[in-house]
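To keep things simple, chains are lettered A, B, C and D as they appear, and every chain counts its residues starting from 1.
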Amino acid sequence: MSGIFGINIKMSIFGESHGASIGLVIDGLPPGLALDTELIAREMARRAPGKNNLSTPRKEADNFQIQSGFFNGYTTGTPLCAIIANSDQHSKDYSILKDKMRPGHADYAGYVHYQGYNDYRGGGHFSGRLTAPLVFMGAVAKQALAQQGITVGAHILQIADIKEEHFNPMGIDDIILTKLSEKTFCVLDDAAGEKMQQRILAAKAELNSVGGVVEAIVQHLPAGIGAPYFDSLESRLSHALFSVPAVKGVEFGDGFALAELTGAEANDQLHYAEGRVTACSNHNGGITGGISNGMPVIFRTAIKPTPSIARKQQTISLLQQCDTELEITGRHDPCIVQRAVPVIEAVTAWTVWDLLLEAKKWER
Amino acid sequence: MSGIFGINIKMSIFGESHGASIGLVIDGLPPGLALDTELIAREMARRAPGKNNLSTPRKEADNFQIQSGFFNGYTTGTPLCAIIANSDQHSKDYSILKDKMRPGHADYAGYVHYQGYNDYRGGGHFSGRLTAPLVFMGAVAKQALAQQGITVGAHILQIADIKEEHFNPMGIDDIILTKLSEKTFCVLDDAAGEKMQQRILAAKAELNSVGGVVEAIVQHLPAGIGAPYFDSLESRLSHALFSVPAVKGVEFGDGFALAELTGAEANDQLHYAEGRVTACSNHNGGITGGISNGMPVIFRTAIKPTPSIARKQQTISLLQQCDTELEITGRHDPCIVQRAVPVIEAVTAWTVWDLLLEAKKWER
Amino acid sequence: MSGIFGINIKMSIFGESHGASIGLVIDGLPPGLALDTELIAREMARRAPGKNNLSTPRKEADNFQIQSGFFNGYTTGTPLCAIIANSDQHSKDYSILKDKMRPGHADYAGYVHYQGYNDYRGGGHFSGRLTAPLVFMGAVAKQALAQQGITVGAHILQIADIKEEHFNPMGIDDIILTKLSEKTFCVLDDAAGEKMQQRILAAKAELNSVGGVVEAIVQHLPAGIGAPYFDSLESRLSHALFSVPAVKGVEFGDGFALAELTGAEANDQLHYAEGRVTACSNHNGGITGGISNGMPVIFRTAIKPTPSIARKQQTISLLQQCDTELEITGRHDPCIVQRAVPVIEAVTAWTVWDLLLEAKKWER
Amino acid sequence: MSGIFGINIKMSIFGESHGASIGLVIDGLPPGLALDTELIAREMARRAPGKNNLSTPRKEADNFQIQSGFFNGYTTGTPLCAIIANSDQHSKDYSILKDKMRPGHADYAGYVHYQGYNDYRGGGHFSGRLTAPLVFMGAVAKQALAQQGITVGAHILQIADIKEEHFNPMGIDDIILTKLSEKTFCVLDDAAGEKMQQRILAAKAELNSVGGVVEAIVQHLPAGIGAPYFDSLESRLSHALFSVPAVKGVEFGDGFALAELTGAEANDQLHYAEGRVTACSNHNGGITGGISNGMPVIFRTAIKPTPSIARKQQTISLLQQCDTELEITGRHDPCIVQRAVPVIEAVTAWTVWDLLLEAKKWER
């Protein structure tokens, strides 16, 4: 029941959407890492809502305040705590959330888990707002990875039934990743992106919501990172990815499509290219035996449609112990896929950095 | 780089396919659990090869010897070590594995990770044989779960392009699960199973291999198990599942198909049934907010085609540092999906038990 | 290099004495624990300096602000973060601490460990102020233990060469423990306490400092808590106790004096008293085989004299890379033993609670 | 309730004295460490009983068999399991141990902890025999430390009331440590050692036992190893040391004697010696702020007298639920201090190596 994860870079997250603040403590940060707080703020802004009509109009400034572990522009090596004050709270009556369990939400499972003591206002600890600390963590990790030439990027592969092209599994130009990260709606093909956005707005108009798929890539990761079994790159990445609310599927390389390939098709044959061992294809998504093999690490993450919809839904009343109906009012995201992109990049960067530090132990 | 996993029930696995033995240590086992070693042997036999022409003809008896932690038919509460001696070793020359990296295998990634010191014979620590300890662990966990009325089962949903029907997400008769577990080829529909087996034999005849999808279910798990974020049921299950060699995708509930549903379709509405909170559908696979919600937990796991194929493949020679070709000789599985079924059940049972113990801490 | 500890109740501490705040995140707190924040404040006040001329005149209000995990008077079961703002900071020049390493302090070891990046102002992360979060944790744990009838107390056994009587190892009246905790200077015998205080003031007058020994007791802890080997009650208590700055020795029961006893003297013989298994003596301090045996848990902790003294001392200049002299100015404690008492109680209460939760997993 | 410890080098121990075998799994071992199994056997022999009349005449060959993780003379980087078969078992009736709880032993505490299911034969999991795996681990760690020039040694400082001189806290000749380790009775001064041995034999003649103190030293450990708070060198060493059965006290540097020193006396002043920062004294035992400061790490460990004595003792009968008397028959150690020396060295070497690997993560 832990809000702590990581082997070498441990993150402890805390907070409820209507408490004093949300935040994180990062433990194990190497000293002497120059942190650009502007870059962190930019990553946080990518996740923040209220930018356009695709997401909730809630304004969450997501201004963070570093409390510790950062001195004169560098990490100190001691735990870094950052808090994000909760400011844009409507002082409305949330007691309905205590009674009527929202379908598709954590409400009922959380009620049982926390024995009825959890802060139900605005989803409390389950609020999507808790992904802000994840993005903070990722922004730190990206800066550490950048020093080693490793890049992390992601795009919206699919919204509802509208898809765009996949990343080239053999790798793509890092400039494309940079450009992607600067877009409000992260797609390679803006025409496809336009259709996706129309699909989101159509769902919104129908008091409905849509889901999608995010594809991510890690480039220039050296071979040898990860481990067989419980610290496999896939195990640790999926662990972190499924920690992101609304994620319901993760696949590496060709993933579920591998079930339909033969060994002759799926095996990535090897050759030397410029003196370096390279694969001729990348069906395995850069990971074999749980360990990076020098090819780009590629995976896709399925995001379910936002469960908060304004339509009337059937549910139960805990107080009355009877069936009832519910109409969720308030400000909601008709789709969270576009806001999930920086979160997925973040947990990816964090996990990869964590495993790179693991490999340092064995350096000679 | 850890061969240890688990919060309360920690497993430490060890061994190489051509060392003295492989095995495991289970740490945290409650005392007084009556263990039926016959049941353990039966589960181990489900995974063992050599039963028919669908898998490698290697005979691996997988006879285990409990070293500790078990006394007078009960667990003692101290660490339980079991070892499985390696007996059916061909004293053949394995030095080719040191030189020519098998495509699709861990060979190259492992070579880099272990800096060339790993035991390459028969795949060494990466050998599929290491899943035997996982099955042992699972057989213990299943007995603990059975005392609480919780059942775990799985079937082969797909081999190559041949599929059978899904589990009913609202739950199935436990007797069906028992019958499934007694089959050599675990399918609900034996006619479909027959086609799948033909597909495997066809691949074998072509010196090729095929992959597939395994669907698993956990029934009668109470609501409230798991946690948001890093100890989510999905995070911990996926972590364990991706530790199983050849797993490349995991999806819960409708998984990737959720990307194409709207919120109105995907939300599992709630009602009271016989005084119990129940969902009207189960698109979320029994998990919301990372926590079990009382519905069956359902997920699918993609298994890639066995990388060991007898066809000539392009690869590299580490010794010569040049491109070369490789024909893998020896005894191989044209498909490992059918043998992966008990392994997937095993890591599932283990993880679920581990999280049930977590919930005990908060019992009043 | 972790600021996180605990099996079930994990604490993550953070902060530097001159950063924005110091604080902690408690992870794994059971939901529904009624927390009396007044009691927490009272414990914090016990540790706070500035109460009399025995300690530094610095005023540290140690006002904590709970950020999360606490709702309507109860713990929610989600991570509880509390921060303590740093207010009484003198804007003086701390650059000398960057250059001249204070003898007996962490300065030089910390400089090497953090590669020169640590916040040196006021000792930074090494500041005794970081024990405030430990006391907060302990105040929460004491409230949980109180519900189970378990009490934790401590007294100053020794200051320099002045000692008072030991706790009766067979147990003492809980009212005595309560009274002890209400004293500013926690001794059983106030006359002895008066002499100890004179000794401290004498050291202060001589620009010197003194150390001492704290003896702690845990009463009404049931038998069976702890484990052999790595989770022994002694291992976990000592781990936590040596985390408290200035602690240099820990001994359980008769401790080092056991080296001079024979087995016949040291063995605590057993008998039934009122139907309960009881020992006739308590040389083992309530712990045998790493596990509580139902007798009071007793141990002593050696605290070294405060290294900050105003006398001229020989040291090195890192900047000049030469030998030099140092006179530490500012406000310092001539003795920290009296302020260490609530800290030792705190880590004890935390550890005992953590292991009690561990035992819950095995409850039937 | 874990038999697993370590951050980077994790050890999982298992076994009961009358089960099939005892052993360990070492997880996280770097690949490519050349292991001299002769050296391991020599360390194991130092701990083994039956060498003379000072310890139990039981012959325990302690022959280990490495199962995994070791190939062609080098560690592979995969988990290393070693087992030690239990051979010299008397097939005698152990049922008295199930009934009459031996004073000073773990019997009663273990009975409660394991709910009566533990293997009581010969002490089961609590048997001192379980220290053999610790010595194996230490023998591996010592070989890794030797590559970095770090040495670990220990001597018997005290048996009952007979003491010899302390290690020079400023460091001693490594040759002296080597010679010490080759002695059957590890003392600096053989005349004092002779008196100690006479004291042990006198206790034996009286059907009694004696305890003592072991002093250990780690030399050439670089400054910067360890951390403040929960991974302090003192926390981690004491955690490991108190895992060794019979240890009841641990003190670093001057330890409890620091309570009687003033700050002016206890502070280790600094100067440059041959261009290196060095302390002028070593009252802090080489550790300040939880971190090594470049001076030798010195500490003492109190060992209680063996609780197994042949004299009649008062105890309880669990079966009859009444008071009774007990005479422990069989072969016992009148003193275990001399056998504890290699065990203390072992857990020290392991812990120091573990923290050295921790420091590697931050290397530039």
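As a convention for this text, a contact is a pair of C-beta atoms (placed from the backbone, for glycine too) under 8 Å apart; a residue touches a chain by one contact, two chains touch by 3 or more.
These numbers come from a predicted model, not from an experiment.
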item: C-D or B-D, whichever has more C-beta pairs in contact; value: C-D
item: Selected pair, out of B-D, A-B or B-C, that shares over half of its residue contact pairs with A-C; value: B-D
item: Where chain A and chain D are represented by their mean Cα positions, the distance between them in whole Å; value: 46
item: Chain C and chain D: spacing of chain centres that average the CA atoms, whole Å; value: 26
item: Geometric centre distance via CA averages, chain D-chain B, whole Å; value: 39
item: Residues of chain D whose C-beta touches two or more other chains; value: 1-4, 13, 28, 31-32, 77-78, 113, 115, 125, 228, 361-362, 364
item: Residues on chain A engaged by chain B in the complex (per definition of touch); value: 1-5, 7, 13, 101, 103-110, 112-113, 115, 125-126, 130, 158-161, 203, 206, 208-213, 222-232, 234-236, 238-243, 245, 247-256, 258-272, 277, 279-280, 283-285, 287-294, 300, 302-309, 311, 313-316, 321-323, 358-359, 361-362, 364
item: For the chain B and chain C complex, residues of the former touching the latter; value: 8, 28, 30-32, 77-78, 228, 357, 360-364
item: Sites on chain A touched by chain C in the complex; value: 1-4, 10, 12-16, 19-23, 25, 27-28, 31-32, 65-69, 71, 74-81, 83, 113-119, 124-125
